[in-house]
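Shared chain: subunit A. Partners: subunit B in the first complex, subunit C in the second.
This part shows the complex of A and B:
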């Protein structure tokens, strides 16, 4: 375990040296600042009397600030889930290929660290970095909306943990792909494709119903079974952010399935890593 | 096998097991699979029993002219005809539809359909039955050819309007003249106590009777007995089809400009199945019309979903616009038995409520 953490810490230090961390936190700060300056919420006595984004009137209906915040949180959660996933897939695409770069991998393998520890350590390191970024964004947004509306809700913070779970599956696939093709763009592409597949898998029944009955429909339907339901996780994240009820059994199955899939992808990567010669 | 290879295989095996486990766990989070759409029998072709029915309906009408047994008289070649379909004109303005009333009323949904149509008040039906005429058993078919109405069956006990006068017209027919002073919507004629004909004028009714007497069918009827299958069948012309899309002027215009007509078949035996074959004037525009109608159905379904009209959306979900052969295309729709029962139950309840209100008003 100590070796795992050392690899993860090494990755964090490497990211800091490459100013990757600065880029991540700078981007989040930029988004928060832009939102803070452009979002005008006119709250009077606990009721939202109007809202504008970049000067454009979004709504002039008078609703309770709590209810309005619920809608805003839901929209922000969806945006953060999908937008954040795309951003992080691109931003994290070169960690794994970098790990395997000639010179560096030989150096790492000469250390008393097992290959699987290198793999899982890198994974944990990236997830640690991303967790910090997500936490920073969620706290920032909660504070921003809290200050603007006077309503303080932990929904966004809790919802963002589901977002992290979704990214964990994406990054597991990205890391795995890097062990087959050492390319940042292929790794990023695998993450983006996984995101799309994850949304499609969330509507597996209805979407495969559009195909003509037969072998193709059966194959597609079964191929999508182990794919994490990222669309379902996004909805879960949005509902948690909006403080709406969620089905506990469904939520835990979605989360567990996503976790198991991530570990499966890492196990596949470990199998490939064990067979590689450097 | 070297230990490193064995170790790597363990990872692969673990990945497979975990993937299967992930799939199993997530399957439990999916909503229960949607039940397959109900299989509704659609009237797409003539069944052997319908072919037999059409065959038995073809009759030889004896010539009105006496034939001299001693001479070889050259008589025009005639074929056996279905007397109802013999009245289908060559040119239609609005359309021609035949309803197999007897089959409909004696189907599973028949009694409910009758209750719905009689709006909870069966006094008229009971009066007719008391007079010896039971529409449920004595009426066979009702047809509408543009403005002409034809009813076939055993009509000898058909009650006539009070005060009506019958005048013989030829050896086998009579004209029924309504009492003087009564507004006249059409002129009725009764042929061989088998066909009731209602034409726009006395001349039209007489012309229909003459045609039956001569036993001649039109040379190129708007449709013949090859399409006589299903419980309702016929042909609708573009003018009538356009009226179905009053709310969509663009589609109405495209339909009236492109469609030559729609051949309709409906089955009411158990479910309600509808098949409409649209024939287009211009093959190039047939596909455009097909796509426009398909889009109309999809949008109507979405609109019904948006308005929370789940039953309407469910019905539109079952409607399909099939690909065509270039000259036309097919529209299919169906209503499952249970849904039909539920719709008819609602209709009967509303009818009963109206009848109760009327009775209350009459009494009070």
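This part shows the complex of A and C:
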């Protein structure tokens, strides 16, 4: 376990010096700073009387600050889920191929680290990095809106953990693909394809309903069964961020499906890794 | 005392995805005693790097028995006692030399102080350790790789082309380092195309060709060759008679029994032996003769 954490920390150490990662944290800081400086919220007795962004009047309707914040959090959660997933798929696409690059993997495998520790340590390291980014963004935005409106809601923070769950499934596929084809493009492509499939899988019933009944419909329907419902997760994340009620059974199914899928992808990667010569 | 490396009938076959196979190592049997400095030589594609990778568990043997430091290759506790420098080391460009060494040390389960890291870097001639590895020359990368391999005073050092890309002055420094490591009692396995380097550092040598060990022994045994002797006869000896006895330009090729018979024949013609010594070849000759024999 200690070696696994060492591998994860090692990856984090290296990642903190990468342009992509610095860009991620820089972008979050920039967005938060820009919002902090340009967003004006006129809150009187718990009601939002007006809002301006960069001096432009957004709304002068009087609504409850809590309700207004709920809408903002929901929009931010959707944007962060999909936008963040795309950015992170690109930003994290070369971690595994880099780990497996000739001259590096031999050296790593000559150190007292088991292959499975390298694999899961890399996975944990990337998730740690992404968690830090998500946490930074969510805490920053929560604090910003809290200071400006006086309404302190943990919705964004909680919703962002669902986003992490979705990315965990995406990165499991990306990592697994790298053990079959060592390429950042393939790894990134696998992540992007999985994101697309995950959205399609969320609307499996309605989409397959568009197909003529028969073999094709059955095949498509069955092929989408193991794919994690990422679109459903995005909706769940947005609802949690907006502090709206969620169906516990549906949420558990979505989370369990995502978790099982990640475990299966990682098990396949581990099986492949153990048999590889470098 | 057990051998540092013991390999019996080792075979490694690489199989292509759609048929076809390439046997990189074929029935290799070899033992490297603890404390020895073993030089592995052979032409490109002989299987040297594959052999090294099998010892580290990076490549899995198809068949045969392999023991490294008394354990199986790839065993995590065994690997903790090995230092390895790959042929083409890929280093993380964004880190500094010190950060990289610390990262390797952490994965080796070591916790070196700043002073120890500085000494490790100074030892390989890397003083400016704040510089990012991305801007390092090939030689500097090689030196850093060597420093990483030597971290934690390993019992077995496996170095694949350690002086590749290092200038002549640097090579002397690296050689000195390796000799220091030897003096510490480390077992050294060196794969180098620079045969003069192998001759200067190693006390045992193995010639590998097409995955098979063609020749193996101490440096003296290998250089001497088992079958050639240089004889010097008293002036005035009949050159034609000596040639007929088997001494061509004073060199006799054959085993000891044949040599004695040839000497008897030469003496019968009146020639008197003044000096006799085994012919010593350099490793270049050893390699080239081994390759000729094999082909």
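Keep in mind that, in the parts below, the second predicted complex is superposed on the first by the 264 of 278 C-alpha atoms of A that agree within 3 Å, B and C clash if a C-alpha of one lies under 4 Å from a C-alpha of the other, contacts with A are read in each partner's own complex, and residues count from 1 in each chain.
The criterion applied here is as follows: a contact is a pair of C-beta atoms (placed from the backbone, for glycine too) under 8 Å apart; a residue touches a chain by one contact, two chains touch by 3 or more.
Note that the structure is predicted; figures quoted are calculated from it, not measured.
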Inquiry  = Please determine, from the superposition on subunit A, whether subunit B and subunit C clash or fit.
reply    = fit
Inquiry  = Let me test your reading of the model: by the given contact rule, A:238 touches which partner, first (subunit B), second (subunit C), both or neither?
reply    = neither
Task = Would you check which partner chain A:225 touches, where first means subunit B only, second means subunit C only, and both and neither mean what they say?
result = first
Inquiry  = After the superposition on A, what does A:103 contact: first (subunit B), second (subunit C), both or neither?
reply    = second
Message = Going by the contact rule set out at the top, does A:14 touch subunit B (first), subunit C (second), both, or neither?
response = second
Message = Rounded to the nearest 10 degrees, how wide is the angle at the Cα centre of subunit A between the Cα centres of subunit B and subunit C?
response = 130
Task = Quick one: classify A:112 as touching subunit B (first), subunit C (second), both or neither.
result = second
Request  = Using the superposition on chain A described above, determine whether A:168 touches subunit B (first), subunit C (second), both, or neither.
outcome  = neither
Query = Of the two partner chains, subunit B (first) and subunit C (second), which one does A:195 touch, if any: first, second, both, or neither?
reply = neither
Key: subunit C versus subunit B - closest C-alpha approach in the superposed model, Å   = 8
Ask   = Of all the subunit A residues, which ones make contact with subunit B and with subunit C?
value = 275
Inquiry  = Per the contact definition, I'd like the list of subunit A residues that touch subunit C in the complex.
reply    = 3, 6-7, 9-10, 13-14, 17-18, 101-114, 275, 277-278
Task = Note which residues of subunit B are touching subunit A in the complex, please.
result = 4-5, 7-9, 11-12, 14-16, 18-23, 25-31, 33-34
Ask   = For the complex, which residues does subunit A have touching subunit B?
value = 116, 204-206, 209, 225-226, 228-229, 232, 249-250, 253-254, 256-258, 260-261, 263-265, 267-268, 270-271, 274-275
Remark   = Contacts from subunit C onto subunit A in the complex sit at residues 14, 53, 56-60, 74, 76-77, 79-80, 82, 84, 86-92, 94-95, 99, 103-104, 106-109, 145, 148, 158
